Amino acid sequence: MSVLVYIENRNGKFKKSTYEIVSYGKRLANGLGSSLTLLSIGRVAEDELKNLGAYGAGKILSAETDAPLDDKAYASLIASAAQNSGATLVVMAHNVTGKALAPRVAVRLNAGLVSAVNGLPVSYQPFVVSKKAFSGKSLMQAEITSDIKVITLSQNTAGIETFAGEALIEKIDTSSMTSGTKVVSTEVQTGKILLSEADVVVSGGRGMRSADNWKPLEELAGVLGAATACSRPVSDEGWRPHHEHVGQTGKVVAPNLYFALGISGAIQHLAGISSSKVIVAVNKDPEAPIFSAADYGIVGDLQTVLPKMTEAFRKLKASS
Amino acid sequence: MNFEFSEEQLMIQQAARDYAQRELIKDVIERDTHAIYPTEHVKALSELGFMGMLVDPEYDGGGMDTVSYVLAMEEISKVDSSVSVIMSVNNSLVCYGIEKFGTEAQKEKFLKPLARGEKIGAFLLSEPEAGSDATSQRTTAEDKGDYYLLNGTKNWITNGNTAGTYLVIAQTHPEKGHKGINVLIVDRHSPGISVGPHEDKMGMRSSDTHSVMFNDVKVPKENRIGEDGFGFKFAMKTLEGGRIGIAAQALGIASGAFERAVKYSKERKAFGTEIANHQSVAFKLADMAVKIENARNLCLKAAWLKDQGKPYGYASAMAKYYAAEIAMEVTTEAVQIHGGYGYVKEYHVERLMREAKLTQIYEGTSEIQQIVISRQVLSEF
Amino acid sequence: MNILVCISNVPDTTTRIKYSADMKSVDYSGVQWIINPWDELALTRAIELKEAHPALVQKITVITAGGADAEPTLRKALACGADDAIRVDAPGGDSLFTATQLAHAVKGEPFDVILCGIESSDYNGSAVGGMLAELLDYNSVSAVSSLNLEGNSVKVTREIDGGKQSIETSAPVVLIVQKGIAINPRIPSMRGIMTARTKPLKVVAAAAASPGSKVVGYQAPPQKSACKMIDPENIDELVHLLHTEARVI
């Protein structure tokens, strides 16, 4: 019996979210009284894999391949690894890859799937997990009733713990992998902090007034090492690209700190930010609903407040 | 009795709401401030079929009932009555008039492009010295054998400049009084037509209101609707239905302001609590809700009667009169609930209040509706 | 080419969620139902493709698993431009149950491209599309933000970890789509509403299937504490609080 965690690398490196999900897997294994097995697909150096020992990794299955993500092929590999290691619980991150693979893996294992789970299970026997429903307007508890279970973990909900231990690496065969998709081109965002994994997000709404006014917002983001984002009207107007839209139908983010600048706080926007640890809102309208969702609020004009904020944070960063 | 809407009626209501809340809302303040005609919206609403929604599909219309029309007009008017008035004039005056009383050839030639929204219609009845009194037309349509020669001036014409097709009410036989009046379908671009400057209005500022001058305009005989002298009856019959459109517009103005007032009163705090928790505000909201519900029922009743082929002139006069009056009251209260914010453009309610005023005036003032209603009352009881 | 769009019938996204007294279920009374926003975008893109390639795209079918009360949502999809609709008479159940029902209903049918929204706005499962692909043994591409057809080749852009990728795949395929696939959801026209009256809506009996999970209960999310207001003239205080009180900077 074991817990199998699928871990994803980017250009051979692991990210903070990998450490979170590995240490989460370890805690699940402890809770279930079983062991943890990791599965890595791609090319990752041995040292990088070994580092995961500190987060609870025991056995690591390393499937070395250059094949790009293909839902069917990857899911098949994960399901076989689960079967071969006798896994009763398969865990993935609730990110674009996890969303693509977990459902296919669940069907292959005839398993129930609950996605976007928040933190550790409510109970192991029966296996009950908690997750947000209705786009953050409700919390739901669900029991997975099948013998084998699949879950995806909402990022930033379990935290990172360290463990004493050493990882054991075992290579697995990937020669039978086939692909039904052909990659034409890949565009990797470079130099910019990714919205999906940023600790700090600086987001602008209609109150920014026009696309030209984004410069000071980007400056603040630069000082804070933050990703930039926007509300729906802004992406609809074409002031910012669609991939920056945070909200119900856009991205759901869970940073430690979220700045809502000139965002009124429509319920659809709140659905995308409700998992943020701390929300700071700046709006000239004291009645804006964003203030009931925010932890800290400033009523004021962005044209004067925003540069002042950038200056104040710059001072803090310089002193620390 | 059945107070349920059909699935289709709800779908139309939703479609109108989606368009209004997603698209119309975006620049409505800008359009109002600078009196910008909503060209793109008229085009989009035409493509969706709203500009000819009541016309039989045989003539390229939407084939929808009047109840659906009321629901759509309400939703559009919650956001922008400059748009809904264009829709109302085209649907319930111009398209209806030609479809109901026109010849097959007139429908083929004029109704189809209007129903598709490729052309927009205007209804030219009011004159500088004859607004509500339709019997005393100064504009003349002189019978010249195979054509009419049109001379005179029309005032307060919605779609006056943008329209492609005019329905003009004019006097042919002054000696016969209102029985000498005719209605002619006139191409807006006929020689001899000139359009006055855009009227700078208090509300519905982005609709296109003009006076229109006719100077020896030749109109082919086949463009007359109905028998010689049918014009006055035509105008009265058509306005009966037009009132339903304007009643629904007034209803939408009221319910749009009401929705904003409710939302605001649940957000805005005073004396330590949301103002909705103050009885002075809550009771206002209760009164507004009752008035709106009454107006909606009157509008739907008139629409239902029309759909059933029953007489609806009395009901539509009541609906228009009542909805316009309560639109004025409700929007005024909505501004009051918003306090200072209500008096600035950003919160929309001041615009709705300005728009409400016009519904008491045009397509028959409130006083004219009182005449219609009282005459019926006195003849019956 | 035939396109299938899977549709979920969900409460309007502005709905306030109410619960039964025992908190074991959601109280749906008075709820206004809509097409799940992502599914609506998928449908919009399917219609755009049919309009752009009338010779290539023959038919758009919409499908849902649900009770008769889901039919207005299907008819709205027909009014928007779908050609026919299937309702699998199988309300309730988890993603595995729903995917099994859909797979049962479309197995053997000649659908080349199956579109699913990336999640539904009620249970936020992000699961049915991938499961359906696996059950049908189709390829799938997830997080798709643009879709074009060229002959039999299906060209998509998908989001991947850290960027995006243009890829080519071939029918039959399940595409799990997200924001960007279409910009404005289609609003049905009068003509669409009229023609929807006569478009076929087929009801298929449910298949035997067991769910893999069940809802145990609900909770309202924890209340936020009151927002601390800061003087716009005193931004240093904000910085100070974020640094020492919230400890996020």
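Should a chain be cited, it is by its letter among A, B and C, assigned in written order, with residues numbered from 1 in that chain.
Just so we're on the same page, a contact is a pair of C-beta atoms (placed from the backbone, for glycine too) under 8 Å apart; a residue touches a chain by one contact, two chains touch by 3 or more.
Molecules present, by chain and UniProt name: A = Electron transfer flavoprotein subunit alpha; B = Acyl-CoA dehydrogenase; C = Electron transfer flavoprotein subunit beta.
Please read all numbers here as calculations on a predicted model, not as lab measurements.
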Compare the CA centroid of chain B with every other chain's and tell me the farthest one. A
Please identify the chain lying most centrally, where each chain is represented by the average of its Cα atoms. C
Per the definition of touch at the top, where is the C-beta contact count highest among chain pairs? A-C
Here the gap between chain B and chain C, centre to centre from mean Cα coordinates and rounded to Å, is 39
Using mean CA coordinates as chain centres, what's the gap between chain A and chain B in Å? 52
Give, as an integer number of Å, the spacing between the C-alpha centres of chain C and chain A. 20
Quick check: in the complex, which residue numbers of chain A touch chain B? 287, 289
Any idea which chain C residues touch chain B in the complex? 72, 75-76, 79, 184-185, 187-191, 193-194, 197
Touching residues (chain side chain C, partner chain A) in the complex: 11, 13-17, 26, 37-38, 41, 94-96, 99, 118-119, 121-131, 133-135, 139-143, 145, 155, 158-170, 173, 176, 179-180, 183, 211-221, 224-225, 227-232, 235-236, 238-239, 241-243, 246, 248-249
Show me the residue ranges of chain B that touch chain C in the complex, using the header's touch definition. 7-8, 10-12, 14-15, 18-19, 22, 47-50, 53, 57, 61-64
Considering the complex alone, what residue numbers of chain B touch chain A? 264, 267-268, 341
